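Each chain gets a letter, A, B and C, in the order it is written, and its residues are counted from 1.
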């Protein structure tokens, strides 16, 4: 006998709920941010900053994405066009039915971060997972010390979340946003150079147990870690998020393991100190 | 005796630095398991064996050494040598990058039912060796031992003819039942020396030419595609059928295709020599057009 | 102990089949496996099946939900089979242990997999002990399995030669033995001695040793002959990796999960092309470390029960007992 259960009350962490794309923001040529609600206009679930969501177009496929931020009634996913599913998402219009399941993963260590100064470093679309914590810190401004965002992209046209980086965040008291691009253009007045060099130039101090939250392409992370070490940041205070191929989201299907950790369940957020104890297989 | 010869040959090649690796067989779990081994130091040559259980076709491993700097030596039985001939014809392996040590082969044996009995003579030949038409290597740099006489193998298409005599529904039922058993482990594909695509279409992300469900439709799609992809290049080593954990008679399909090719394009046995090009790898003005 | 003569087993199975959806080891044409019991059919209670019983709880392909789309609209419906109570009869102790390991994966660590649980909860387990290796490749004893007796079942049957000795291992098991009491006699029994296993890998301290061996050249060495097929993983009673995929026809479709194998190149490859385990060296290493290090670290048990299926069917005789031996022989600096 087939037991039919309502989708809004899933029987399994593997079965999604139906959702709808209510807004699409074109961040740059190959990145769009999708705002997703339930058909009734509610938030599908409430993730902690840094957690993941499995988003699907029913007749195409599903993929795990970081939830870049959330509103009272929606979740936001910022997605780069890289394959079959993301191509379909980029072609979707407002009103498109999607399915979503989650939240998955550990999220950022909020208790550890609270009360401390935080340095956020993002490269390219790597700002997406970091943004969930930035917005949380902005909304809970009193719970955190000074905030600094260092963000870089290949060119001015490649900068994402322009409203946040250019308007919203710089206005927040005690918050500073520093931007850099690998190659400028005629209009670009800001810094030109790679993120690691920019970090060393800005030389943020690690004093006061400052936490650094960092995400970007692997090569950028590699050199940023060297820069941060030079500046004296402790491995325990450097936090990043990892990406692996995922299917279940609950540590059962097997493929996202790094040693005995599952990135979908025990991650995606790890401190550098934790990563150093894990096999370098990611 | 032969084992001493192969050890000496491997040792010499490695000592002189003529090859960087020797691919052969060594003793496996039990006395009736011989398993592929890769030797790169002369002192390891004593691991090599040649006995009645060296069934693995070693040709496939040459694909792992496509970018090797030096030469690779491989021990070849008749079937291994045919497989390598095919790989050379397909430009997968360069003749000058391999050193082939031929071993005439009287056929490999089935594993016994128990570990304790050591009656090798009483063990039957593997099914794949019973119909072997090339016990002697067709290509080699040196040959160890004397060529063995070709056995009388009878009509190797007898099984295919029996299947051809069945009606369409009967055939469908026959293969349907078998393919329902397939667990899609892909051992048949991965062991096959003719399956040499750098990336198999079934492994490519996003193509979805083959669904991952295990059901008759998808299993048929896999098995028929696999067989058609090696059409004209199958050297009848029988490895696919030997390694199938479900015991599926995969050589029946391969032989049916060979028989059809022979009927369409004239008799052709893949991998017997470097000169004869496979019927599906060339174009002739008088090629039959039955399929059009 | 309650005993039942082996010649009465088919009559007992006929009775059980009236109440349960009964699954028994069968060896008809094709591979031996657990399949629905048919009266007078092929029941094979000697030795272990080639296919493990894991598909009873974790089918190779299992539909999860179906969906329909209409332009931008769409809806979905969960498909959760709630099977009739079923009995898995004649499970060997190695396979009983494997079910225990699958329980760890699917039922613990914060998330319960209802697709697995719905079948697991409704399955009555009857095990049959072995008095020695069922196949030359067996090595369960070395992996902490008592070949003669299982405890994590409802009823266990000792193999006493011409009869089985039955012991209830749960309340349901007690009720079962009472219900079918007419088949059993009460007798003093002597368990046969366990005969010698040919393979005896020593796994003492292996997890701790492997923690220092991730970068060891051994992995390059042992992976060379691997063909990268999934025969070992699909025949393994404990391997449980799966994929989630879908099938669409027009505006209808369904999502299913199916077995997957860590030996396949596509398993960890990401949409952008990056693969954290790009070659067979990394994949073979991950498979053995998962069995002998990662799983013990996470769940406290080795992910190998010594059933020997992988090494008996591997096309190249990749032998986990030999790899364990090689790991032991490594001298760490």
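The criterion applied here is as follows: a contact is a pair of C-beta atoms (placed from the backbone, for glycine too) under 8 Å apart; a residue touches a chain by one contact, two chains touch by 3 or more.
Predicted model only: the values in this text are computed from it and were never measured.
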Inset, instruction - Please list the single chain whose C-alpha centre lies closest to the global protein C-alpha centre. - result: C
Inset, instruction - Could you work out which chain's C-alpha centre is the most distant one from the centre of chain A? - result: B
Inset, instruction - With chain centres taken as the means of their Cα atoms, state the distance from chain A to chain C in Å. - result: 38
Inset, instruction - Report the inter-chain centroid distance for chain B and chain C in whole angstrom, where each centroid is the mean of the CA atoms. - result: 31
Legend entry - Distance from chain B to chain A - Cα centre to Cα centre, in angstrom: 49
Legend entry - Touching two or more other chains - residue numbers and ranges from chain A: 83-84
Inset, instruction - Send over the residues of chain B in touch with two or more other chains. - result: 205-206
Inset, instruction - Among the residues of chain C, pick out those that touch two or more other chains and give their numbers. - result: 243, 245, 260, 269, 271
Legend entry - Residue ranges of chain C touching chain B (in the complex, touch as defined): 30-31, 50-51, 60-61, 136-137, 198-199, 224-225, 227-231, 233-235, 243, 245, 247, 256, 258-261, 264-266, 269, 271, 311, 313, 315-319, 321-322
Legend entry - Footprint of chain A on chain C - complex, ascending: 64-65, 67, 69, 72-82, 105-106, 109-111, 113-115, 214, 240-246, 248, 251, 253, 255, 257, 260, 262, 267-272, 276-277, 282, 286, 289-290, 293-295, 297-298
Legend entry - For the chain B and chain C complex, residues of the former touching the latter: 28-30, 33-38, 56, 60-61, 64, 114-115, 177, 181, 183-187, 189-191, 199, 203-206, 211-215, 239, 242-243, 245-247
Inset, instruction - Going by the contact rule at the top, pick out the chain A residues touching chain C in the complex. - result: 1-5, 7, 10-16, 18, 58-63, 82-86, 92-93, 95-97, 99, 243-245, 247-248, 250-260, 265, 279, 281-282
